[in-house]
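Paired with subunit B in one complex and with subunit C in the other, subunit A is shared by the two complexes that follow.
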Partner chain A sequence: MSLIVAAFGFGLVSMSIIAISAVGFTMQFGITNMINLAYGQVMIASAYAAYALNNAGVSIWLSLPVGAIFGAVFSFLLNRLVYAPFQRKGTNLIGMVIISLAVSLVIANVMLPIVGYYSVSYHQDPGTTYHFGSIALTGEQILIIALAVVVMLAIYALLRFTRLGKAMRATAANPTLARNCGIPTARVVDLAWLITGALCGVAGTVAGMNSDSFSVASGSEFLIPIIAASILGGAGSPYGAMIGAVIIGEMTEISAAIISPEYKQVVAFAVLVLVMVLRPQGLLAKRGALAAAG
Partner chain B sequence: MLARHHRVGKGAGVLFATLSIALAACGSPTTAGGSPSSSPLLIGVIAPFTGADAALGPAYFAACLPAARAINNAGGVMGHMVSCQEFDTRGEPADAVPAAQQMVASHSNLMAVVGCTSDEASSVAPILNQAHIPMFCMTGQSEFNKTTFTYFHRLVPPDEFDAFAMVGSALDHFNYKKVALVFGNDIGSQAFVGPAMAALQGLGATVTINQAIALGQPSYRTEVTAMLATHPDVIFTEALGPTDATYMAEVKQLNNGTMLPFMGTSATIDPVWFKAVTGAVGVQTVVDKFTAVDLGVSFSGPGYDEFKTNLDAVASQFPAAPTYSQRGATLHLYDGIMQAALAMDETKSTDPTVYNSVIRDVGNGVTGATTVNTYAAGVAAIKNGQKVRWVGAGGLTNYNQYNNSQQGYIIVKYDASGNEVTIGTLTQAQTAAIIAAGGG
Partner chain C sequence: MTYYLTTVLVYAAVDILACLAISLQFGVSGIVNFSFIIFQAAGAYTAAVLSLPRDTANGGFQTYILGLNLSFPLPWIAATLVGALLAPPIGLVVLRRLRSDYQAIAMLVLSVIASLVVTNTPAFLDGAAGLSLVPQPLSDKFNPYSEAYLWAYTAGALILAVIVFFIAQRIINSPYGRSLRAMRENEVAAKALGKNAVALKMTVFVVGGAIAGLSGAILVGFITTWAPSTWLYPETLILFAAVIVGGRGNNYGAVLGALLVPVGFEEATRYLPPFGPPGLIPALEWVCIGGLILGFLWFRPRGVLPERRRVFPPRRQVAEVGNPSASRD
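Let's look at the complex of A and B:
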């Protein structure tokens, strides 16, 4: 029993990281109509950007904004230079998915000669370990959880209370109507890529911190639970992605305690399949923050 | 639901994707030393260069480059220059099959193929055998112990022997009695588990827990907590990529900053693994707490010196090459390529159906054969009408009827620079007893 409780505690960390990344991933889809399978690779590229600074002697927490900025700029450029031209030409959703897959492979293979195939680790101090019954979390892990909470609240505030958030929701709901209503949808999309790219960069860096070691190949592994959480919550729904992250993060850890570590992802995906059978649109698709008003 | 504007696809995305994937998957041949020839020969390095086992491919590429350099500097194989090309399997059989088929279909000048790890050997070896291409594989799978593939060669023991050697080291050298098995859930790593469990239980030791961990996960804290609760004396492991680094860092963290002793297979004697794990747990922790078994290679002698000279010289093409100077697999695959080249010289043929059967003779030596340690010396001896026996970087070769060659084991650790330090050897008697206990 104590192992299950401990696994629940570790699941809090996992779900925090998945939440940050899944919200960014699903917002990209919701606002820009792009299922960006290069998201995991951009996460890793951002993690390496933060690593470059961290390896030069800067604290990883101070390097985190560099990861976020890198992710934002990289994602923005990726859309402007690759995705947007294809979308303008009318490439359909499946075509765009394949393009993003190709972009992911290209990024990975371009990174290999630059950063090498070696796994790297941040120079970091996990801090004091705090015990809450059977749950043991380091100071760093508690900070990651707190960061995720702050990011989720910020996204909520952005979407609910700001003009940009409302413009994003309008663009997601009907870009043509939004444009006719005077919303500068092109600028909204640019800002959406910058914001979601920053989330991607933050997620990549904290994932690198949490895993103690990462490599170029980690991108695809990181992407799997992100997609699962996003689909589980309802594609395009940030709040759904948050709930999906909780379920996927906890299911993977608790299943590792109860069944076998080998099947932790299998169990998470079994839950995903079950939800898809019972509710194909995902948990919150109809009530997501980006859904059309009314 | 979100409103969606549906558009008609133009196919451009698919074309871009296809081109990108093709570009990502294919490398270009690398010629080491010498000058280009009008009819060059190619050595295919088919192995994981991306994916969880991406660290393996470069170790094998590092074998090919110095071999090609040595051959080319001696004038090539009967004048044919030799080059190396990577073929990425991603460590997945599903990707390995098209990679092998593409390699065979696109290159009629393959003189040999090296690599083929346990991740992909089962799917790649039949293709290469059917195409009559001599292969030197790093697979440890026991299915190749008595293989019928006549073009298959293996200069390393099966994985089960690695597992037996780990058990022998733990029980006889360190007196550990309680062992936790933490291996990746990939085909290659899992090959160790069954033999290790059988040998441990047969010799009265306890397997406290057997964890098959999914590679590349962001965290293993739940798994580590479960493992620590069993209080093992030592952890046996092989989980490549960043996996071992993540797992061991969490062992140290969740064990109040104290690392448990951990022991690796010969695949963990690798600069990529060393850098990953030391980055996560610290160099001193690895130096103090980690041991491994490795193939019995002395890292000395004229054959090794020749290899080392050429390995250092190819750093301009592959900067990491010199870091593989003590990687057993790199040494042995280098030897395999040399044996194939000398077999071609002896038979005066570039037709694999002619020279393949002579590879074993070059490795084992026939009666009256002249021992050679460099390719140039081999060519000179052959020109003088002599048969040759190759004794190269990895020492003597002893192919059996199935083209499997095996040597003894050494117990090793790392020094702070990542060099291998021998701390013991397993006697034949020890090894035989453990193999018998494990049912090998």
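Let's look at the complex of A and C:
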């Protein structure tokens, strides 16, 4: 029993990481109608950007913003240089999925010769371990959870209370109508890529902090729980992705304690299959702030 | 030299089969089957465990299920059947209600997960190490290392590829093929004309799965080993690159793409002088595959040999009142 409670504690950490990444992933989909399968690779690239600074002797918490900025700029350029031109050309949804998978392949293999094949780990001090009953969390893990809570509140505030958030929701709901109402949708989309890219960079860096080591190959591993959480919550809905992250994060960690850690991803996938059979629109579709278009 | 030539030709036959299947699914019907490679893998594993003796043979250095030691045509037939039978359960989950891009990512995730499961379950198909010493077909009657055997195997593989090519040709020119194209172009209109889109997708999924299973059996019978590292999800993307380059929906394009991309790349890099640190050339190869997809989708989305436009002389009354997308196809 105490094993399961301990796993619940780890679940809190992994749900935090999944939540940060899945909200970014699902907002890209909601606002630009684009399933960006290169998301996992951008996460890894940002994690390596933070690693470069961390390896030079900077604390990992100070390197985190660098990972965020790298992710933001990378995602912005990716959209400007690749995705947006293809979308303007009228490439259909299927074509865009193939393009993003091809982009993911290119990013991974451009990175390989640069960063090498071996996995690396951050130079970090996990801090003292705090015990809450059977749950044992390091100071760093508690900070990750706190960071996730702050990021979720910030996303909520952005979408709920700011003009930009309102414009994003309008663009997600109906881009043509939003443009006709005078919303500069092109700029909204640019900002959306910057913000979601920053989330992606933060998520990549904290995922690297929470795992013993990471390598270029971790990109596709990261992506599976993110896709599962986003689809579970209803693709395009940030609040759905948060709920999805809670469910997927806890289920994977608890099943790792009960069955075997090797099958973590398989459990995430099983949830995904169940959702697709029983409720393909997800838990919160059409009710979240960013209902999926089409 | 014989060995080299036969290897290239067998790979060509296998890639042609795979590209024909992808062209049927993706080119003709618009289904992006990112889990294609697991159908090929299922066929290869089936053929392997059916032709291998029990896993206690060979000193028991590998563990796997079955090991029935069946003689030649049976493992290949079974591989084709397993490829076909794998399609309905996947299709029932994926193809019924999901939007097309959801279908694609669901199958991509499935491909990653399948390889994880096989890698982490050594008792099933020997995990990450994979199966080796798979007996070649009819190796009990002929010497599988003789030149004559290699050429006969190559000829057999190529003949099967030709047969499948003609079957694929029949499919795309049949009324069934017309329905598939109608569904691809405008699913709502096809449904409105009474076409059952789910049934259409399921049948082409099964046909593609069978072809993929057969191609896996041919490959494993020749190279005699099969492991998870040979069927990672990027392998599917190579085949998609081939079909996009060759021309989707056109069987000649699929054949051309198979010869240009998977076969051509493998052979071209063989003759490159080694440069850079180890692993640089394979990485660059993947960058080129990705670049090829992006480049072709941008500059020539219909491929080198585009699908033939099918124009039928309009029947007057139908053309006037009919749905434009229905009369076009």
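Going forward, the second predicted complex is superposed on the first by the 289 of 294 C-alpha atoms of A that agree within 3 Å, B and C clash if a C-alpha of one lies under 4 Å from a C-alpha of the other, contacts with A are read in each partner's own complex, and residues count from 1 in each chain.
Heads up, the rule we're going with is that a residue touches a chain if its C-beta (ideal position, glycine included) is under 8 Å from a C-beta of that chain, and two chains touch if they have at least 3 such contacts.
Not measured: the values here are computed from a predicted model.
*Asks:* Looking at the overlay on subunit A, is there a clash between subunit B and subunit C, or do the two fit?
*Replies:* clash
*Asks:* Of the partners subunit B and subunit C, which touch A:Y117 in the superposed model: first, second, both, neither?
*Replies:* After superposing on A, A:Y117 lies in contact with both subunit B and subunit C.
*Asks:* Between subunit B (first) and subunit C (second), which, if any, makes contact with A:V273: first, second, both or neither?
*Replies:* second
*Asks:* Going by the contact rule set out at the top, does A:I94 touch subunit B (first), subunit C (second), both, or neither?
*Replies:* In the superposed model, A:I94 contacts both subunit B and subunit C.
*Asks:* Is A:N109 contacted by the first partner subunit B, the second partner subunit C, both or neither?
*Replies:* both
*Asks:* Contact-wise, after the overlay, does A:M242 reach subunit B, subunit C, both or neither (first, second, both, neither)?
*Replies:* Neither partner.
*Asks:* Is A:I35 touching anything from subunit B or subunit C once the two structures are fitted on A? First, second, both or neither.
*Replies:* second
*Asks:* So in the superposed three-chain picture, is A:A172 touching just subunit B, just subunit C, both, or none of them (first/second/both/neither)?
*Replies:* The first partner, subunit B, only.
*Asks:* In the superposed arrangement, does subunit B or subunit C reach more residues of subunit A?
*Replies:* Partner touching more subunit A residues in the overlay: B.
*Asks:* Give one of first, second, both or neither to describe whether A:A192 is in contact with subunit B, with subunit C, with both, or with none.
*Replies:* It touches nothing on subunit B or subunit C.
*Asks:* In the overlay, answer first, second, both or neither for which of subunit B and subunit C A:I227 touches.
*Replies:* In the superposed model, A:I227 contacts subunit C only, not subunit B.
*Asks:* Where along subunit C is the clash with subunit B: 201-209, 273-281 or 309-317?
*Replies:* Here subunit C runs into subunit B along 273-281, and the other listed stretches stay clear.
*Asks:* Let me check the overlay on chain A: which residues of subunit A are in contact with subunit B and also with subunit C?
*Replies:* 86, 89, 91, 94-96, 98-99, 101-103, 105-106, 108-109, 112, 117, 220, 260, 262, 265
*Asks:* So in the complex, which bits of subunit B are touching subunit A?
*Replies:* 1-14, 16-21, 23-24, 49-52, 54-55, 58, 185, 211-223, 225-226, 229, 241-242, 245-246, 249-250, 253-254, 256, 272, 275-277, 279-280, 320
*Asks:* Sort out for me which residues of subunit C touch subunit A in the complex.
*Replies:* Listed in rising order, the residues of subunit C that touch subunit A are 30, 32, 34, 93-94, 97-102, 104-106, 108-110, 112-113, 116-117, 120, 233-234, 237, 240-241, 244, 276-277, 279-280, 283-284, 286-287, 289-291, 293-294, 297-298, 301.
*Asks:* Which subunit A residues qualify as touching subunit C in the complex?
*Replies:* Those in contact with subunit C are residues 35, 37, 82, 85-86, 89, 91, 93-99, 101-103, 105-106, 108-110, 112-113, 117, 220, 224, 227-228, 231, 235, 260, 262-263, 265-266, 269, 272-273, 276-277, 280, 294.
*Asks:* Where on subunit A is subunit B touching in the complex?
*Replies:* On the subunit A side, the touching residues are 3, 6-7, 10, 13-14, 17, 30, 33, 86-87, 89-92, 94-96, 98-99, 101-103, 105-106, 108-109, 112, 116-121, 126, 129, 136, 138, 172-176, 207, 210-218, 220-222, 236, 253-254, 256-257, 260-262, 264-265, 281, 285-286, 290-292.
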